[in-house]
Amino acid sequence: MDYTVLLLAIPFLMFLLLGLVGQKLGPKMAGILGTAGLSVVTVLAYYVAYSYFLNKGLTLNGVLESAVNGDGSWKALTSFNFTWLDLSNANRPDLRIEIGMLFDPISVMMLVVITTVSLMVHIYSIGYMHGEEGFERYYSILSLFSFAMLGLVVATNIFQMYIFWELVGVSSFLLIGFYYKKPSAVKAAKKAFIVTRFADMFFLVGILILSYYTKTFSFEQINGDHAALVHTTMGGLTFMGCSVTAIALTLIFLGGAGKSAMFPFQIWLPDAMEGPTPSSALIHAATMVVAGVYLVARLFPVYFFEATSVLTFIAYVGAFTSLFAALIACTQTDIKRVLAFSTISQIAYMMVALGVSGYASAHEAGLGFTASMWHLFTHAMFKALLFMCAGAIIHAVHSNEMDDMGNMRKYLPITHWTFLIACFAIAGIPPFSGFFSKDEILTAAFESNMIIYVCQAFVAGLTAFYMFRLYFRIFWYNEPTFHHTPHEAPKSMTIPLIVLAAFTCVGGFIPFSEFITAESIGYEIEMNTTIATISVVVALIGIAIATFMYKKQNEWPDKVTAIFKNFYVWAYHRFYIDEVYLFITNKIIFGIICTFIAWFDRHIIDGFMNLLAWTTNLVSDETKEVQSGSVQQYAWVFIMGVVTIVALALYL
Amino acid sequence: MNVPVEFYLVLSTLLFFIGVYGFIVRKNLIGILMSIELILNAVNINFVVFNRFLFPEKLEGYMYGLFVIIVAAAETAVAIAIIINVYRNMKNIDVDSIKELKN
Amino acid sequence: MMAIIFCLGSEKKNIIRMVMAVGALAILGTAVYVTLDFLAQREAGDAADFLFRQDIVWYQSLNINYSVGVDGISVAMLLLSSVIVLTGVFASWGMEIQTKEYFLWFLMLAIGVFGFFISIDLFTMFLFYEVALIPMYLLIGLWGTGRKEYSAMKLTLMLMGGSAFLMVGIFGIYYFSSADGQLTFNIVEIAKNHAMPVDKQLIFFPLTFVGFGVLGAMFPFHTWSPDGHASAPTAVSMLHAGVLMKLGGYGCFRIAMNLMPEAADQLSWIFIILTGTSVVYGAFSACVQNDLKYINAYSSVSHCGLVLFALLMMNKTAMTGAILQMVSHGLMTALFFALIGMIYGRTHTRDIREMGGMMKIMPVLGVCYVIAGLASLGLPGLSGFVAEMTIFVGSFEHTDLFHRFFVIMGCTSIVITAVYILRVVGKVLFGPVQDKHHESLTDAVWHEKIAAFGLIIAIAGIGLAPLWLSDMISNSSIIMHFMK
Amino acid sequence: MIETLKDYYSGFAIMNQELTLVLVLIFVLLADLFLGEKGKKNLQFAAIGSFALATISGFTVSFGGSQEAFAGMYVTSDMHVLVKNILNIGTLLVFFFAHYWNKNENRNQSGEFYFLTLSTLLGMYLMVSSGNFILFYIGLETASIPMAALVAFNKKNRDSAEAAAKYILTAAFSSGVMLFGISLIYGSCGSLYFDEVANAFQGLPVQILAMVFFMAGMGFKISLVPFHLWTADTYQGAPTSVTAYLSVMSKGAAAFTFLCILFKAFHNYPEIWQNILWWIIVVTITVGNLFAIRQKNLKRFLAFSSISQAGYIMLGVISGSPLGMTSTVYYIFIYLFTNLAAFGIISNIENQTGKVGMDDYNGLYGTNPKSAFIMTLAMFSLGGIPPFAGFFSKFFIFAAAAEQGQYLLVFIALLNTIISLYYYLLVVKAMFINKSENPIPTIKSDNMSIIGLGICTIGILILGFISPIYEYMTSISFGM
């Protein structure tokens, strides 16, 4: 245990402190305390990242440990790892849940992402949430979230990950339901929790299967040596014709898919926008939703060496989801929903990248992995930025609907420029960060699977289109009648915007492939100019169409809508997936199964017990004539009793 | 005259069941009491016959018969007293009048 | 060993309450002391099956002894019981009618519970078991609400039905278990002799298991539970769901399975089906209930089903998980009932359709309720998670399709649990206020806070640092016994 | 065999208790005759006091082993002495409860009450100690004929008259049937001594027939189904003190005698009577319970309850083992305190308010908490709920049956305890939970019944925990 534990301890203590005595501290104190706490954590995280990546050594427990192995690959370091719960038994003597901190390239990278975005959100929220009821509660939950998310990424074993996985789930639930008086928020929170919980169940079963055979939870042992442990313990095992490893890993992926809102679990994320916008930025855009990607990345060696088919499956799921979400994003009018679908689409990109990735660093085989993580990083920055901008806009007009906005560039200049930067980044226009990461993804896809490449390239165009649709609708277009003149957000809100915009601008120039690779060995990326050109062109086409349609109010949007009428309606209604879910849960599970079971319980099971009692009473009542009061009848019964018994005794 | 033992037993059994039958069908309490006497007489016949024919070396059966007679007398005395009490309370000694306590 | 305080003769309500509070505190203190002493003695290398043994010959000719002693499991249950008794006293602070009698019966219940957990003689155990059952009738019938008479009667009769099974089982064990002709009721000796023929075990194991299973709310013998809980006064619900239902699981374990392991092995499949069904069945039933207490009662059916389910998996991890689940469920369900009682005391309704926005009106109770709900749906950091995960990991030891199927079915309960917990939280605590009259209601008062916070601390304590408890439980010889 | 007249009379030496009782009897008779109108009050004290002395003296008797007198006509042992002592205690308790009644309503006939009760007690003594069917028959009739008079004690009350008529007629009928059986036993076995009967018993059809006739007669006394129909009517009509006496002493003595005779006379073919008894027990317990459920009159209610209790007692008999005997006697012992506590409360309340309906007891706890409390204890104890004594006695009696492998029977009996608990709880519910607009007013019990109730309560509460009593019974019990 050393200073690294503070990374987890500070947010946790902050959560307890603000949660228990936040009311007494008052909102101002709570905001400052929360932000200060997180600043410390951020500094620590940067220090760790700095020592790990640049100094190639991390001082843990007073000893300077090298972050590089002899062969030049990155080394995973553990600062502490204690037994939290012993689950051993005769069969699996070493099975235990440990809590520890693991530092390797992806976890350190995630530390940076999380703390950065979280700090920005903390600062931003001081302005955004100003005067809100439950301000202290908000900060306390933010701290809880930061704690959980940091715990998740530094997890040394899959069960620790699951523990924090659940914790981020609950903090997400609490934040979505922050405006608990609003029925829609409560509903959205419930939906988010239950859908992810449903996926978590698969995750859990996956863990159980995996750990049953490997007899351990530890990532180091599971992943180590090209997942040799999985190979020796599970290789060749089949269940109903499928490889057990594949089943386990598919289940684990489904868990990740739930958190990362992959199809068909995507339904919760758009609704999750009911939460305060900064928390959406943090949780539902930048960090928590990428946990699924992180999970797959964490177990990447297992996926790659033991279940390639699952990886392909992931790629297809990702590709489909990205296309699907992008299509929907084109039709939405609630700006946060557009961003939400965009998030789904972008995360799906990362999934695709993992799915098409190879392993070795040589010949850029593991490019997809690097690209995925890179996109994770850049996406976190620009998506958080987008959300915060959206927050600033909502803050200004008190509405989420595009129709209430327009021509806002003159009222909100900072927001406007930062938003534009983010739009360029997500659209993949150089030199903004999104260009680089997305380009690598497309390259990886191109080299592995043509169908997926085409699909992703098309999605890239769509992305550019809907983002600029959003941009023009908000900042250009016709000016609606505002209730009051919109004004720029306070400093506490604009500074984070600027910081993130800066990250977005420079993020593409980080030599990511030196640090983060599937094999942990750094390499140089050479840009594939053909693909880069194609993607830029596609993006520009998208932007052009958007400019044409939405810069000024004109009849083209309606015309286009009319052409794709049915399709538009379907997309607008998110392809009715929510309705299908609602039908299954409300009508079938609640309406039929639960009601039936409850009825069955009351009327059959309990009814049977009551019937017993009722019968007893009935028999009692019916037999009262036996006791007729007539002494002669008594004698009759007496003598008949004797006769019967004699008969029984003699003949039986 | 040598009546076989079976004849006595048939008699006593008949007497017993006549007593039982009487107990069940008689409407008058005194009649019922008399039926009981029949049963007891059947018993007495049994005892005496068994003693006389089967185990003549001891007197147990005779003794038992004597006791039964004595006890029956006492029983009848109390029974009649109670029947008188019934009569006093209900003004008749019909068996149907003692059917109030039931269920 | 257990200091039980009687507060006879005192007519003043406040004095009774104070005496009860002090007494319950003393009980908790004793329990904590016993725990620490227990751990210290274990640390010092005392490896006897049971510590603090005390044997007093009672009925010599039948070899009935008053034998008590504790192992890790009993200690855990004692701790649980004492916490719940203490918080129960605070939760029933506002009991105004016939306070003395109420607390007297309450104490009798507590005596039965404590006695049961420390007994290692079948007769003594059964005695305490029944001692614990009967006060329920009056406690519910007199101080309950709703259809209290019906519920009280149903509860009592069904549980007595269970003990009818149980008693036959106990006689079977008694008469067939002796190795050298010396009949004994002593659990330790019976387990050691291990002389019961398998064909007899096959008869008496189901009887014993069902007997305890009734109290453990095993499907289809659980229907006393919803009605009983719904009608019982707060503290009684707490003690009943929190501790009394654990008697069932504990008995199944300590008596049925420990003494008749072969039969347990052979017949476990029947009960796995039943308990597996109760896990899911209870959860589904809870989804559509509208009465808070019914929801919680069905949830108890589900959770207690998980206890028995895990026990039947018969390996160290799952069994440890089962005991953990007993403790955990005891604490959180007690918290639930305490909170429901407090809410009901204010709103005078338990129908979730008539409530809403309570979080705004009574934030402390609301937050406590959310915590209880999160514990119930197995949030890490709270006790439910620890127990459930231990159970699932342990249950996964069996590779065959049958076990796998039921384990995975059990896993689905964590989702369904989330569904009904969130349904309640969403309807009752969140959303707009449904009834204008509710807006003037007050938040928790001091004794209610003590009750709620006490339980939350225990829940979170176990949830954050479960290792000592889990080790204490899993090091019990009885669990080792099942390590094959 | 009998050597001299002196030897013959030495038989009286082991009849201490009977002789003491006869002394008390004569004393009470004389006192009643000579004390006159003014001395009625003292008469009660004289009767109770002298009988209490007799009771105490009973505990000094001890034999160490089995003893015979009059050529085996009369047998005794420590167990017999103990049973008689138990009967004494019960009778004494009944006297305590009857005191108030004897002082007021029944003041003119109180002497007769004591005399008749003690007479029946003497009959029971003889019945218990009999070694021969003759003495058994004499004892039985001595016990039941005065009982009929006792039942009819309320001369002005038509219910009492009806109950007595039913009782005497059924009793006479059943003793007729039984005698017929005994006569056949005599005819087929050639003797009336139990042990000689045992040797000659070969399981012939006629012997089985005879045995069933005999069992029917005993079944009447113990009120086993289907010979039980008189019970409820008689219990309801009889004065409450007499009912209490009838339900405990008469039943207990008969049960023990039945056990002794089955053990002694029919022990060579146990499976025959065990099979019969098996069915009788099942039917008895079930019918008793089913009929008890719907009763509204507490005395009638307790009558059916006592029928089902009789079934439980028979569980000990069916085992045929020393454990069975111990548990039977123990059960009777505990049952005595429990049931008398219930009857004590009922008679107290009936004497002072005339109410015996279950509905009248609504809200009793509010007005008479102590009575309600004792009644609750009694009900719980009857239902076999620990820590009250009834639990222990039930446990032991089940243990005795289970020892012989009668698990199914035990199980059925246990299931029946659920029903029985239901109606016992109904009483508790009436007193504690039900509300009444017209509750029984607070009554003031007289000292005697308070003493009686106190003894019963203590008995219910602590007897189960005092194992030496049970251990003593074990040490002196015997099996087949």
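Chains here go by letter, A, B, C and D, matching the order in which they are written, and residues are numbered from 1 within each.
The rule is simple: a residue touches a chain if its C-beta (ideal position, glycine included) is under 8 Å from a C-beta of that chain, and two chains touch if they have at least 3 such contacts.
It should be emphasised that the depicted structure is a prediction, and the values quoted were computed from it without experimental measurement.
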Of all other chains, the one whose Cα centre sits farthest from chain A: B
Contact-richer chain pair (by C-beta pairs counted) among A-D and A-B: A-D
Rounded Å distance between chain A and chain D, as computed from the means of their C-alpha atoms: 78
Chain centre separation (chain A, chain B; CA means) in Å: 96
For chain C paired with chain D, centre-to-centre distance based on mean C-alpha positions, whole Å: 43
Chain B and chain C, separation of their C-alpha mean positions in angstrom: 65
Set of chain B residues in contact with two or more other chains: 20, 23, 32, 98, 100-103
Residue list for chain A, restricted to those that touch at least two other chains: 613, 624, 627, 629, 631, 635, 639
Chain C residues counted as touching two or more neighbouring chains: 157
Parts of chain A lying in touch with chain D, wherever the complex brings them together: 613, 616-617, 619-621, 623-624, 626-627, 629, 631, 633-635, 637-642, 645-646, 648-650, 652
List of chain B residues in touch with chain A within their complex: 20, 23-26, 32, 95-96, 98-103
Interfacial residue positions of chain D with respect to chain C in the complex: 326, 380, 385-387, 391, 395-396, 398-399, 402-403, 407, 410-411, 414-415, 417-418, 421-422, 425, 428-429, 432-433, 467, 470-471, 474
Residue ranges of chain B touching chain D (in the complex, touch as defined): 12, 16, 19-20, 23, 29, 32-33, 36, 39-40, 42-43, 46-47, 49-51, 54-55, 60-61, 63-64, 67-68, 71, 74-75, 78-79, 81-83, 85-86, 88-90, 98, 100-103
Touching residues (chain side chain D, partner chain B) in the complex: 133-134, 137-138, 141, 145-146, 148-149, 152, 155-159, 161-166, 168-169, 171-173, 175-177, 179-180, 182-184, 186-187, 190-192, 232-233, 236-237, 294
